[in-house]
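I've put the structures underneath this note.
Note that subunit A is present in both complexes that follow, paired respectively with subunit B and with subunit C.
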Partner chain A sequence: MFEDKLKQAFVNALSIEENEVTAELAYSQHPKWDSTAHMVLIAELESSFDIMLDTDDIIDMSSYQKAGEIIQKYIA
Partner chain B sequence: MQMASLVNMPVYGLNKLEKKQFLTARLLELTQHHYQHCGEYKRLLHCIGETCMPKDAEHIPPVAARLFKEYQLKSIDEEEIFRLMRSSGTHGSQSSIYLDADSAKLQSQVLVKILQHWLGKARRPMLLIDAAQSVQNKNGMTARAAGLQGLSFFGRNHCYALNSDMQLDVARITEFFQRYEQENILIFGFTFIVWQQFIQQLEKLNLKFNLQNATLIHGGGWKKMQQQAVNDALFQQHIKNRLGDVTVHDYYGMVEQTGTIYMQCEHGYLHAPVWSDVMIRDTNDLHLLPFGEKGLIQVNSTLPTSYPGHCILTEDLGVVHGEDDCQCGRLGKYFTVHGRVPNAQVRGCSDTFS
Partner chain C sequence: MKDYLSGYAVELNSVSQDNMMLLFEWRNQPEIRSQMVNTEKLELAQHQNWFAKLAARTEQKHYVIYYKQHAIGSINVRSTDGQAIKQTREAEVGLYIGEEKYRNNIVAFAPSLLINDYLFENLNIQQLRSKVRSQNKAALKYNQQLGYQLKPIDEDFTEIILTADNYKQTTQQIKAWLSRG
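After this line comes the complex of A and B, so read on.
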C-alpha cells in the first residue's frame, strides 16, 4: 500500500513509467528527475501522504529509496 | 575534503583565525586542482608569471568575471557536464559556468544551509515576484532561473505574482495573501522587478496588504534602482508601507559562484558565510585594500571544483567594514556594495529586465 502510493507519486510527478521506479532511481541520474521536477515531486508527495516536508528532507531526498525512508518518518 | 563535512560547517561560526586556516588550505587545494585540470587556467597562471604555486590565499590570482564570457573555462570533461549556468546579461555575451553533478549538488546544499540560518527549516507559503515562464529556460539555466528555483526549496504552494508578460496579476496575489494571511509568507524576487513590477504597481493601484511576520528576500543588483534614486532604506520603507510587517533581506551573489550568497543582516550589512570570503582590491593596481576602503570586490569560494571560479574579481565596488564584529553577532566579514565600476557592462540579474 505505502509502496504503491509512493511509486504512483513518482510516476505522476516525474512523468515516467512505473517500471522505471526502482530502488536505484536517483536525483540527477534520471533525465526527468532534475531540480524543477524535484519541487513537483515534493508537492506530489506532500499531498499524497498529507505531510509537510522541511528543507532538510528536500535536500536529503536523493533517491527513491531515500524518499521512502523520509516519508516513513512522518507517517510512522 | 569530504563534501559532507564541508556542507556541515557552521554558517557564520568560524572566527577569523579558524576561517583563514580553512580558506587558505581549501583555496590553495583548488588552485592546484584547476591548474591541473583546466588548460586555460594553467596558461593564465603562467601568463601572469606564477612560476610556482601561491602560498596563501591573497596571492592566488583572481580570475576576472568577464573571462567566463570569453572562454569556456572548465576543469571537467565534456561528458561530465551536468548543467550549464548562464548569467542573465543581455548586453554583451553571457558567462558560461560548467557544473558537474557533484558541484550542482554542493551548491544547492550550501544555499539551503545559508538560508536555513535566516528562515528556519520549515517551508512557507511562497510568493515569487516573477513569471512562472522565467524558470522554464531549456537553453542552459540562467542566473534568474537558478535564483528562483534555489529559493523555491524554502516555499510551498508557490505562487508567481507576474503573468507571462511580466505584469502583476492582482487577483492572484490578492487570493494568495488572503489564503495565507495567518502564516509567515516568504516573498522572493529580483530587486528591480520587485520594485517596478510589484511595489510600484501596488502604489499605482493604491492597494495595501497587512501581512504578519512575512519575509522578503531580494537580490540581483541596484544599478537600475540607483538610476531611480532608490536606496535600501527607501525600498524597505515602500515595501512595509504596502505590505505591512515584512522583514527584508537583500543578498549579493553571482552565477559564477552560485550557492554561496551573501545575506544582508538586520543592521544592513552583507555577510560572508563560512564557505566564502570577500576581499577588496584597488581599482587601478589591484593591491589589497584595508577594511573601510572602497574598491573592487573579489569573491573567493571553497565550492567550485568543476570550473576555475574559486577566486573571482567582480566588476562591483564595495567596502568591507570589518570581520567577526558586526553588531548582529555573526562571525565572518561584513560588507556593503556600492555599484559597479563605471565602464562595466550591465549584468545584474534584475538589470536585464527594463
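After this line comes the complex of A and C, so read on.
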C-alpha cells in the first residue's frame, strides 16, 4: 500500500512510467527529475501522504529510496 | 554589505584567509570553470592577489556557503556599474556549488534566496542582471525558478534579469520549504 502510493506520487510528479520508478531512481540521474520536477514531487508527496516535511528532509530527498525512508518517519 | 548572513538552512560567511583556498579549488574544477564567462584556469598567485585586494572593494562581495557547518560552494554579488553595492541600483549575483553532492539539490537555492532577500529588502537594488552560458541549461532553469527572465544575447550567452516583483512572486513556495526548520 505504502509502496504503491509512493510510486504513484513519483509517477504523477515526474511524469514517468511506473516501471521507471525503481530504488535506483535519483534526483538528476533521470532526465525528468530536475529541479522543477523536484518541487512538484515535494508538493505531491506532502499531499499524497498528508504530511509536512521538515526542511532538512526536503533537502535530503535525493532518491526514491531515500524518499521512502523519510516518509516512513512521518507516518509511523 | 554584511559579512555574515543566515537563513533557509544555510549560512554565508564572507571569504576570509581561512576559507579562501576553497574558492581556488572549486573555481578550478573543470565542470565549474567551463561554465564561467572566463573559462581559464586560475593560478594560485592570481587568486592570492585577488584575495589581498578583496577587503577594500565595495563594489563586490564574496561569500562561502555553509550547510550544516560544511562548506559547499560560493556566492558573490557585484554592482553592474562599479558603484558600491550599498549605493547601486543594479547588481549581478554569481553562484557555484563546489561540493558535487549538493549541486543537484534543492539546498542550492538557499544561498540565492538569502542574498536576493538582502539585496531587495535591505539595499537599493532594483534589479539583478547577469550573463549565463546558453548551453548551461541547468543554470538557466535554476534562475528561472528564482523568477529571472531570459533574454538570449547570442549563441553563447543569455542575459538573465530579475526584478523584486518577479522574485517575490516566483519564490514563495521554495522559501516556505526551506524555512520550516
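Here is the rule we go by: the second predicted complex is superposed on the first by the 76 of 76 C-alpha atoms of A that agree within 3 Å, B and C clash if a C-alpha of one lies under 4 Å from a C-alpha of the other, contacts with A are read in each partner's own complex, and residues count from 1 in each chain.
As a working rule, a contact is a pair of C-beta atoms (placed from the backbone, for glycine too) under 8 Å apart; a residue touches a chain by one contact, two chains touch by 3 or more.
Because the structure is predicted, anything quoted here is derived from the model rather than measured.
Undergrad: May I ask you to decide whether A:40 touches subunit B, subunit C, both, or neither, giving the answer as first, second, both or neither?
TA: In the superposition, A:40 contacts neither subunit B nor subunit C.
Undergrad: Tell me which partner A:59 touches in the superposition: subunit B (first), subunit C (second), both or neither.
TA: In the superposition, A:59 contacts both subunit B and subunit C.
Undergrad: Is A:28 in contact with subunit B, with subunit C, with both, or with neither (first, second, both, neither)?
TA: Both partners, subunit B and subunit C.
Undergrad: Once the two structures are superposed, pull the subunit A residues common to the subunit B and subunit C interfaces.
TA: Dual-contact residues (subunit A): 28, 35-36, 39, 42-43, 52-56, 58-59.
Undergrad: Which subunit C residues qualify as touching subunit A in the complex?
TA: For subunit C paired with subunit A, touching residues are 8-9, 67, 104-109, 138, 141-142, 145, 173-174, 177-181.
Undergrad: For subunit A, which residues are in contact with subunit B within the complex?
TA: Residue list for subunit A touching subunit B: 28, 35-36, 39, 42-43, 46, 52-56, 58-59.
Undergrad: Residues of subunit A touching subunit C in their complex?
TA: It is residues 27-28, 34-36, 38-39, 42-43, 52-56, 58-59, 62 of subunit A that touch subunit C.
Undergrad: Would you pull the subunit B residues touching subunit A in the complex into a rising list?
TA: 82, 101, 104-105, 108-109, 112, 115-116, 121-123, 135-136, 149, 152-154, 156, 158
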